[in-house]
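In what follows, a structure is listed as structure tokens, so that the remarks can point back to it.
Labels run A, B, C, D, E and F following the written order; every chain starts at residue 1.
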Amino acid sequence: MVYLTRRYRFCAGHRLHNEALTSEENRRIYGKCNNPQGHGHNYVLEVTVTGTIDPTTGMVCDLSMLDAIVTKEVLEPFDHKNLNLDVESFRHRVPTTENLSIEIFELLRKRLEGQGNGERVRLARVRLAETEANFVTYEREENLAKRI
Amino acid sequence: MVYLTRRYRFCAGHRLHNEALTSEENRRIYGKCNNPQGHGHNYVLEVTVTGTIDPTTGMVCDLSMLDAIVTKEVLEPFDHKNLNLDVESFRHRVPTTENLSIEIFELLRKRLEGQGNGERVRLARVRLAETEANFVTYEREENLAKRI
Amino acid sequence: MVYLTRRYRFCAGHRLHNEALTSEENRRIYGKCNNPQGHGHNYVLEVTVTGTIDPTTGMVCDLSMLDAIVTKEVLEPFDHKNLNLDVESFRHRVPTTENLSIEIFELLRKRLEGQGNGERVRLARVRLAETEANFVTYEREENLAKRI
Amino acid sequence: MVYLTRRYRFCAGHRLHNEALTSEENRRIYGKCNNPQGHGHNYVLEVTVTGTIDPTTGMVCDLSMLDAIVTKEVLEPFDHKNLNLDVESFRHRVPTTENLSIEIFELLRKRLEGQGNGERVRLARVRLAETEANFVTYEREENLAKRI
Amino acid sequence: MVYLTRRYRFCAGHRLHNEALTSEENRRIYGKCNNPQGHGHNYVLEVTVTGTIDPTTGMVCDLSMLDAIVTKEVLEPFDHKNLNLDVESFRHRVPTTENLSIEIFELLRKRLEGQGNGERVRLARVRLAETEANFVTYEREENLAKRI
Amino acid sequence: MVYLTRRYRFCAGHRLHNEALTSEENRRIYGKCNNPQGHGHNYVLEVTVTGTIDPTTGMVCDLSMLDAIVTKEVLEPFDHKNLNLDVESFRHRVPTTENLSIEIFELLRKRLEGQGNGERVRLARVRLAETEANFVTYEREENLAKRI
């Protein structure tokens, strides 16, 4: 299998807070990440696609097409934004790195696989680092997919 | 699948030497790593857990719980120590990066999966870098595990 | 000259906005950094001190003393905070990397040089990286200082 | 499973250009990478092997043997070379990171598995980074391999 | 003094070769960097400017102005190019990292200081890394400059 | 001024302990770095030389000459060694990063400036990182030097 990974960066503010919990519970669960005024991060996003190598180009995927999709779906709506207040899908969902990874995976998968490229290029993995010490990887369940 | 990885660092001394071999054999196998007075490294440890995302918190794992376990099981006994002389399990086992990775995996697995968290959070992988140029990854054999 | 540098990290939210300017001017000057809901960064702070090496310890500076000062003066008030709203000195000053660097330099200088350590340890430089691509260095003007 | 990864670096020039396409098509597909005079990169190569840990040495693989193979098969022919003009296998194949990864995987697999080491050490993965933002991973299809 | 540094990247091919020397001398001086077909690098360029902080903006320098200058003067002519063949000023000068640094410094200095910004913003330093292990720093001779 | 920096790495064990102090004082001053069995680090050494650019070669310094000197003076005696026990000059001196930096500077300065290169190439700075968070820079006092 050949996997191509491309790295992107965006900076965003967020606050970890679940409206359904009490203030006390929020502070216990999220600690300093629950600070009412929010804080922020330099996120590092790695997008991994897989597929067969096009025998003409020697490439799995046209990078300018991939860049255009990631810019449109992730960088424009997320970069230099407040994730809780500026991004519709996190207005009532907690913007943890786990939830962000899944959201980004789904946004990219829809566009990548509905491109005519869809037969050849598949999104294999999204990896999102929140800090130098923490990252989340979200992968397609390859084995399940293969059975269908 | 969602994987959460957290990075830790520890500094330790060690010597690669197998008591069951001759001095000559040790030098041939381990080269400069067999230096009798030892040497040392800044180890970088990445601990990867997996599980379902808790719908209340949006997280796979409580990071302060994970930090407490890694601190207790790995950082306190290993950091700023001589692995051969200060760590019981390497008194008669060679502290190669391979053996260290397995030891750390087992130490963490026992604690992580015996926490009541055990049903939800599983240790997926430990990655231990000894230098900028070398690292070892030790993974649970997912497929075997799933069959049981 | 011997310089000792120690690296710290903090995550914070901010918005670049000068109340004395119009919305239009703010957008033109600060671009996407002027986003009304703010955004944020993983700041990397390098603190450099200089002085003579203590002949007994072989060290320029007691690192636990330095860590305590940086934690108290910078990490506690800045980490996981919104710089504009949570930090008094930026309520009416724009939290650019330049202004943050000078503020941090002055906070640390006062404490470091008023310690009894002050005769031996001097703050030489603060370097603050806002992103992987941008950093600001603020230095004491050594030459001027030496003339006095 | 235990995986051992070792990182190598080489610098090389290349040009992305397919002789079977028109100049116009080449420019459209490869953009600035099609520059007629070529350009170049600092490639970072990660070679991952897997196998059982030798109970005597505590190691998966003798690193000096691995270094010798990578030096002979990859670094000597590729480092400080022009990949299109100096490397036989890219005289008529486009040296994309995808094609380079597969070529390197095959060069290393043949030597590693024809060593008497072959029963114990297997090449699991090659990862080749072309820039700070792009890398390709090429893996053996483990499951297929196991069935045979 | 406040210094603002911004990091840029470009990829280029080059060959170290002095036409005035014999083949034998070129090989002895430049070693594998003298390979006739050339090779290449991912250059990392750090541009450092200094000046007073504008009290209105809180910034030393408008980054979009700086980006525009570096893009025009360095990235467009150098990125994905062969430095010996595509860049006029290296047609007959050896593109060592030292010579590249000075060339880039002069290109940027002329534009930065002839901008009306010139009174406030000065180019302090250019740092160019050729590989992970080598970099050159070229600085304005501050003291001399001040005397004039 | 043109400065050329080259990065080297070595791994070593050490213990911070001053024989002239009591056990209690050693523990208070050096904390966990006083562990009796020692520990170790991956040191990263940056050596910076300065000089005029040789108009024939376009280089400040022959890198293979610099590599040979650093290998002989620093890497061979320090790499994969115990600094306290294997390196003569630290048998009775505490191997703090400060003391190591000065020792390395002096070892390199003597050789570099006694080479016939000495008139052209001067050692400007040594920077030694002990961990990802700590480094020491030792510089020649340029201004003093210039007055003589």
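Basically, a contact is a pair of C-beta atoms (placed from the backbone, for glycine too) under 8 Å apart; a residue touches a chain by one contact, two chains touch by 3 or more.
Only a predicted model underlies this, so the values are computations on that prediction, with no experimental measurement involved.
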item	value
Partner chains that chain C and chain E have in common	F
Intersection of contact partners for chain A and chain D	B
Chain whose average C-alpha position is farthest from chain C's own	D
Most distant chain from chain E by Cα centroid	B
Rotation in the CA alignment of chain B with chain C, degrees, nearest 5	180
Repeat of interface C-E, chosen from A-D, A-C or B-F - more than half of residue-number contact pairs shared	A-D
Pair sharing more residue contacts (C-beta pairs) when B-F is set against A-B	B-F
Between chain E and chain D, distance of the C-alpha-averaged centres to the nearest whole Å	31
For chain C paired with chain F, centre-to-centre distance based on mean C-alpha positions, whole Å	28
Whole-Å separation of chain centres (CA-atom averages), chain D against chain F	35
Where chain D touches two or more other chains, by residue	132
Interchain contacts (touch definition) - all pairs	A-B, A-C, A-D, B-D, B-F, C-E, C-F, D-E, E-F
Contact set on chain A toward chain B in their complex	16, 18, 20-21, 29-31, 93-99, 101-102, 132-139, 141
Residue ranges of chain B in contact with chain A within the complex	1-8, 48, 53, 56-60, 62-64
Complex interface listing, chain D residues touching chain E	9, 11-14, 32-33, 35, 37-42, 79-82, 85-86, 131-132
